[in-house]
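Input: a single structure, listed below in structure tokens.
First chain written, first letter: the chains are A, B and C, and each begins at residue 1.
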Amino acid sequence: MIEIHDLHYRVGAAPILSDISLSLPEGSLTALIGPNGAGKSTLLRLMARLEPLQSGRITVEGLDLATTPTDAMARTLAIMGQQNSVASRLRVRELVGFGRWPHHQGRPRAADREAVEAAIDAFGLQPFAGRFLDELSGGQVQRAFLAMTFAQDTAWMLLDEPLNNLDVAHARALMARLAQLVQDTGRSVVAVVHEVNYAAAWADHVVAMKHGRIVAQGAAEAVLTEDLLSDLYDTPVEVSRHDGRPLVLHHHSHSRIADLSRGRLPDRARLS
Amino acid sequence: MRFAAGLGLAALLALMLVSLGVGAAEISVRQARSDAWTMLVLMESRLPRTLAVALAGAALAVSGTLIQSLVRNRFVGPDTTGTSESAALGLLAVTILAPASPIWVKMVAASFAAMAGTALFIVVIRRLPRREVMLVPIAGLVLSGVLGSIVTWIAWQADLLQYVGVWMSGEFSGVTAGRYELLWVAGLAAGLAWVGADRFAILSLGDGVATGLGLSTASVMRFGLVVVAVVSALVVTTVGMVPFLGLVVPNIVARVMGDNLRASLPVVAASGAGLLLACDIIGRLLIAPYEMPVSVILGVLGALIFLVLLYRRPAHA
Amino acid sequence: MPERASWQVIAGLTGLLVLSSLVWMFQGIGGGNRSFILTLRATKLAGLITVGASIAIATVLFQTVAANRVLTPSIMGFDALYLLLQTLLVASVGITGFAMLDPTLKFLAEIAVMVLLAGLLFGTLLGRGARDIPRTILTGVILGVLFRSISGFVSRILDPNAYAVVQSVSFASFGSINASLLLPGGLIAAGMIAAAFALSSRLDVLALGRTAAVSLGLRHRRMVLLTLALVAVLVSVSTALVGPVGFFGLLVAGLAHGAAASDRHAALLPIAGLIGALILVAGQTIFERAMSQPATLSVVVEFAGGLFFLYLLMKGRIR
């Protein structure tokens, strides 16, 4: 379980996150959703210890983020950032291999090598395993980094916008793979998801954020309602159902677009 | 792979043998056991020189790899980040303030100054606009220029220009037994870097990845800085600045075998030693019986290779 | 024509330049040998003004071609190229008897070759308006290093005992100007500066960028090459007189853009030229007379210019 208690975070005088208390359930795929500037990525980066805590407390599986040594944390929590283009010329297998570093500190054993191959298989990277990252497409690089995070073999994986740079087909395949992975291995995945329908189709648990606060959290079915989403994104949406899951439809009615173009933009939209 | 490694090692040994045989005094290496004078030239001049070149080349190439992974930029080397100039500044300060200090004091001062200069560079580039890969080397070159102008001005005021001239242009003609041994320390520092190879490779993947894998980025950074600074300081004091070596060699090796530093650092070291040996031998032959300083040769060669690296196509395009 | 605000700036700068020139000429002048000292000082003054104005105007022109406020001829290796040329021409001494020529003729020949080379090299690099500015700068910096290294290499071959440092750390010597080339250099520079003034409205169009310039009917490629030729000549003159000037141009062009009310070249060029001359005359007066350190000005300029450059980089003013 990840527990967040009374978290506040500001940059300069501007509050970025206010009054966040949360507990994220184990063994599920949790999606953080919300409009641009809601604080989703900041919250994830705080959970990932990439930003220092200012006030409040975060524990992962009972380990306090503020006091647990970073190398111990790395065996409980794996993270993947937004920007995964690197200057290093590494082969996919070498990159994924670094995912085992927290376990062997430079002396890999047979079990580590097996875990690396398993991760490469799990993300369909076997055909490229011997290739250099800079010879691959953006989507393949993204998958290589995910495989590294997976090879870390932690109870929790935090992913900051893993669908960035992916087209529809690849994004869907990735979400499906993550959902499958949660189901098969019992690991917990938390992902910032920009397009709400990917959350609707695959997430078990949804946390909706706006203006640095939690608006709602709970099972996907309970959170993804018409009223809540219309309010969250400041734009009318309709929720239909497809394949037993919610399906969010955006309105493109022209009278409303005329409203928008007359200057009635949602106030947050201007920031982005 | 094995075969390539063997071939490389053989080439390095061959270069070292050639280096033993080439010089102003005509000697034949094979006669060394029978002829006392030949033995003397070998042991007092040629062997020290060969070892000095190999050690300096290997250490500089390794420290180039380190600085490149610390700042995550391919287009920098220890001589384009203000490191060498800062070392000269520290050395100059000791020479003026406490001229009688023993050599190790000068080394320590130079190392600390080099560390401070490199840290200054890192502070500067952290404030550069992100994603502008080419700005980092530009900032480094300009910073080196500014520091170099301070060094020259102080040396000019204190009438030490001759000293500074020796530090600023690397050559090995003055190397004899007893005057290069500190380079073993530089070699040792580079060897230590190999122990941390995985850590540097992870660090170059970004702070996020490094933190995710439980690495303390600050301590890896400090370790790298110390190695780079010590190597630069020792090389500058014993033989003078060697331009572009630390920039060019890691690039070429990475192009061929990638950045898995555990595997590639030994190759980087051997290639650095080989390249510097080759340049030194050329320097000895080109205008014999005079010598061309190795820094002049590498200035031309290194700048040309740099330009090629700058305009080569990225691998995936 | 420059507008009113610019006229005021120009008048003010002219006043300051005249004032510091007077101080330079007549400060602490004693009884004996008056005319000798005055001649010496007048020569130096003419040299400083020529160099200051040449570099300032060359830099403004270059920045207009490159459409960028960070690039300068020195940063892009122009003066290193000139020095390399000099070395190479000297190296070909035995073959062509080049050194036997009259210094003025030799100078003219160097300038001609320089215009050709600079047009070829930098015309290719900047001709279509450099898109990747950082890469272009880096290329120029490395070209500068390469040219200096080749100069060092060649002079080593010519004279194996040569003192190793000189070429790598040489600075401008504002204190000792190469007087034998002052007259031809000054005349040539004056001609080039007059040409630049005459072209100022076209330069305004060039500054709008390639697309706009072509659309307005400017013969873009020809104008770029012409401007680069002016730059090459001006840099050759100043390098021949005092040596490479480093970041001086960047500093002056930055100040000129700050001081000028508009970016119209009719105002910008005279203001830049005056600031360049003023800095050198006033600076050299202070360092040579007040502090008796005639060689310090170039180091101070280099230092301040370098810091200014880093400041521009960090502020993201590179585009």
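Rule of thumb we're sticking to: a contact is a pair of C-beta atoms (placed from the backbone, for glycine too) under 8 Å apart; a residue touches a chain by one contact, two chains touch by 3 or more.
Given the structure is predicted, the values throughout are model-derived calculations rather than measurements.
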| item | value |
| --- | --- |
| Graph class of chain-chain contacts, one of line, ring, star, complete, other | line |
| Dominant interface by contact count, named by its two chains | B-C |
| Farthest-lying chain, centroid of Cα atoms versus that of subunit B | A |
| Chain closest to the middle, measuring from C-alpha centroids that were averaged per chain | B |
| Centroid spacing, where centroids are CA-atom means, of subunit A and subunit C in whole angstrom | 55 |
| Computed distance of Cα centres, subunit B from subunit A, in Å | 43 |
| Euclidean distance of C-alpha centroids - subunit B vs subunit C, Å | 34 |
| Per-residue overlap in subunit B, given as positions that touch at least 2 other chains | 133 |
| Of subunit C, residues touching subunit B in the complex | 132, 134-135, 137-139, 141-143, 145-146, 148-150, 152-153, 156-157, 160-161, 163-165, 168-169, 171, 246, 295-296, 299, 302-303, 306-307, 309-310, 313-314, 316, 318 |
| Subunit B to subunit C touching residues, read off their complex | 75, 124, 127-129, 132-135, 137-139, 141-143, 145-146, 148-150, 152-153, 156, 161, 164-166, 168-169, 171, 243, 286-287, 290-293, 296-297, 299-300, 303-304, 306-307, 310-311 |
| Residues of subunit B defined as touching subunit A within the complex | 69, 72-74, 133, 198, 201-202, 204-209, 211-216, 254-255, 258-260, 262, 314-316 |
| Residues of subunit A that touch subunit B when the two form their complex | 48-50, 69-75, 77-81, 83, 86-91, 94-95, 98-99, 101-102, 106, 132, 134-136, 145, 148-149, 152 |
